[in-house]
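A short write-up of the structure that comes next.
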Amino acid sequence: MSDDYFHLLNIIGVAFFAVSGTLLGYEKKVGGFGVVVVACATALGGGSLRDLLLNEPVFWVADPDYLYSTYGAIVITILFIRYLPNVSNYYLLLLDAVGMAIFNIIGIEKSLIGGTGMVIAITMGTTTGIFGGLIRDVICREIPSVMRGELYASACIAGGLAYALLFTLGVPYVWCILGSLFTTVFIRMGALHWNWKLHIFKRKHHS
Amino acid sequence: MSDDYFHLLNIIGVAFFAVSGTLLGYEKKVGGFGVVVVACATALGGGSLRDLLLNEPVFWVADPDYLYSTYGAIVITILFIRYLPNVSNYYLLLLDAVGMAIFNIIGIEKSLIGGTGMVIAITMGTTTGIFGGLIRDVICREIPSVMRGELYASACIAGGLAYALLFTLGVPYVWCILGSLFTTVFIRMGALHWNWKLHIFKRKHHS
Amino acid sequence: MSDDYFHLLNIIGVAFFAVSGTLLGYEKKVGGFGVVVVACATALGGGSLRDLLLNEPVFWVADPDYLYSTYGAIVITILFIRYLPNVSNYYLLLLDAVGMAIFNIIGIEKSLIGGTGMVIAITMGTTTGIFGGLIRDVICREIPSVMRGELYASACIAGGLAYALLFTLGVPYVWCILGSLFTTVFIRMGALHWNWKLHIFKRKHHS
């Protein structure tokens, strides 16, 4: 994947997560510029952890474009909420799913380029995809999405496996990306729509 | 800013946050040496994140002085509490505000010296200033200060903007530092005293 | 300590924490692959922070063995729970204590090899030992073990001091390791069995 792809995907992913962070901050009545902190942590958290783990320069410190994208998305979301204050929770979840899918892909790609094997790369992708939303939920004292039985981490891992499969088959990069993106978002939103569950343990303890 | 300045400010900031962490641990009845962990996380968290993001050696790993300052401040605070167990919550908030202001300045300075632009530097300053207290609140299961409408993040950002303004005007370093410090502490403590609020969203949802 | 020792201890420590994360996830009814995320965060969190702070390559990114150990331990634990769903909480606490003791030792050793003094090394050991379990507790919205008065951080610090003492006395590595391991696990499990407490503050506020 070329640097341009990275750059564009990162810009979009960051903006999506910034919107999702702002929306949750609004819902949770976070005061003043606390919303900006929550949104920034959501947008920049996952990618920062990825770059630290891979021992690469942290993306938003190396290139201010990502901060412009983050702050721009926050300001637009705030203006939007001022005129349409009844935002459906559905959009928050959709934005979060797409952001997660994008960061998942970037995490895998960056990891492979850094020379790791596929197991590490998929782990890195899921870490990157989940971490921003996890920080957001912890700061806002929400039950982390990861804990709920709504195929959150599962969707991310499935998207990673889809990427690995397409990559191994020698499919062109752009189709690896689209295939992984579609898998993650489809499983996540499908689980929310049709109430899909996945029971790793026996269901005994659900009385 | 010379290395000596950095060193001294860091020593003071670390001690202030260590005291604030110890006080919150005391209030929350954290058991045994858990108080030391909470205080260390508060004192060292923000600066560690800053150094990791800037890809510099982590300050307390490179120089043991910061640990001596942290542990010294913890021991003194514990002795103090033993004799004066009814510490006013006001001091906790004041110490936190000054610590935040100091780490804000160090974050901005270190970022600028590292070659970043002003937008990244102000973001780094706020990150550094807020993160230690955020970890403290999360560990102690407090509502994070960032979430409350008491101009916490806002004070930090305002202090960063004050620094940027004075810096751009070519004011000597020491005045940049003092101006930023005063702005952050004044806005934060003023908000607590006079109940200042900042409404980013329309107030519709506050019924 | 040779690299082989490191490798083996790390593999074991990672597996212990992975089991403890899976067990807590099971208890807290974390849905689907969320359990895997919680277990990975527990297993890899402390060591990742250690390597980042010491500016060394993150262990599980540099060598996939640690991920194999983590995933293997998770799968075995899940299979185990399916057949024996009534796991005693005692095992969770014991595994956590041993994992903590192991990571404590690795943190101290790696820090000393990196050239730091003993104060920094003990701090690094405790950080490494505690951090994985802390993330686990925060994600699962448990009261962090560190906060409770059950000699958790205290056991880790005591294990560090035991290591430092034996190391200073020139005792062979393997006995430093065993002495520290025994101290940490004994104090931690003893506190749980016999309800040992440590009162740093006066007991006035316990009415």
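Just so it is clear, A, B and C label the chains in written order, and each chain counts residues from 1 on its own.
One rule holds for everything that comes next: a contact is a pair of C-beta atoms (placed from the backbone, for glycine too) under 8 Å apart; a residue touches a chain by one contact, two chains touch by 3 or more.
Listed by chain with UniProt protein names: A, B, C = Glycine transporter domain-containing protein.
Just so we're clear, the structure is a prediction, and the values are computed from it rather than from any experiment.
Enquirer: Considering only which chains touch which, how would you classify the arrangement: line, ring, star, complete or other?
Expert: complete
Enquirer: Between 0 and 180 degrees and rounded to the nearest 5, what angle rotates chain B's CA atoms onto those of chain C?
Expert: 120
Enquirer: Counting in whole Å, what is the centre-to-centre distance of chain A and chain B, each centre being its mean C-alpha position?
Expert: 29
Enquirer: Among the residues of chain B, which ones contact at least 2 other chains?
Expert: Within chain B, residues 52, 138 contact more than one other chain.
Enquirer: Mind pulling up the chain C residues that touch chain B in the complex?
Expert: 52-55, 111, 114, 116-117, 119-120, 123-124, 126-127, 130, 134, 138, 143-144, 146-154, 157, 197-202, 204-206
Enquirer: Mind listing the chain A positions that touch chain B in their complex?
Expert: Chain A reaches chain B through residues 26, 28-38, 40, 48, 52, 57-58, 60-61, 64, 67-68, 71, 78, 81-82, 85, 138-141.
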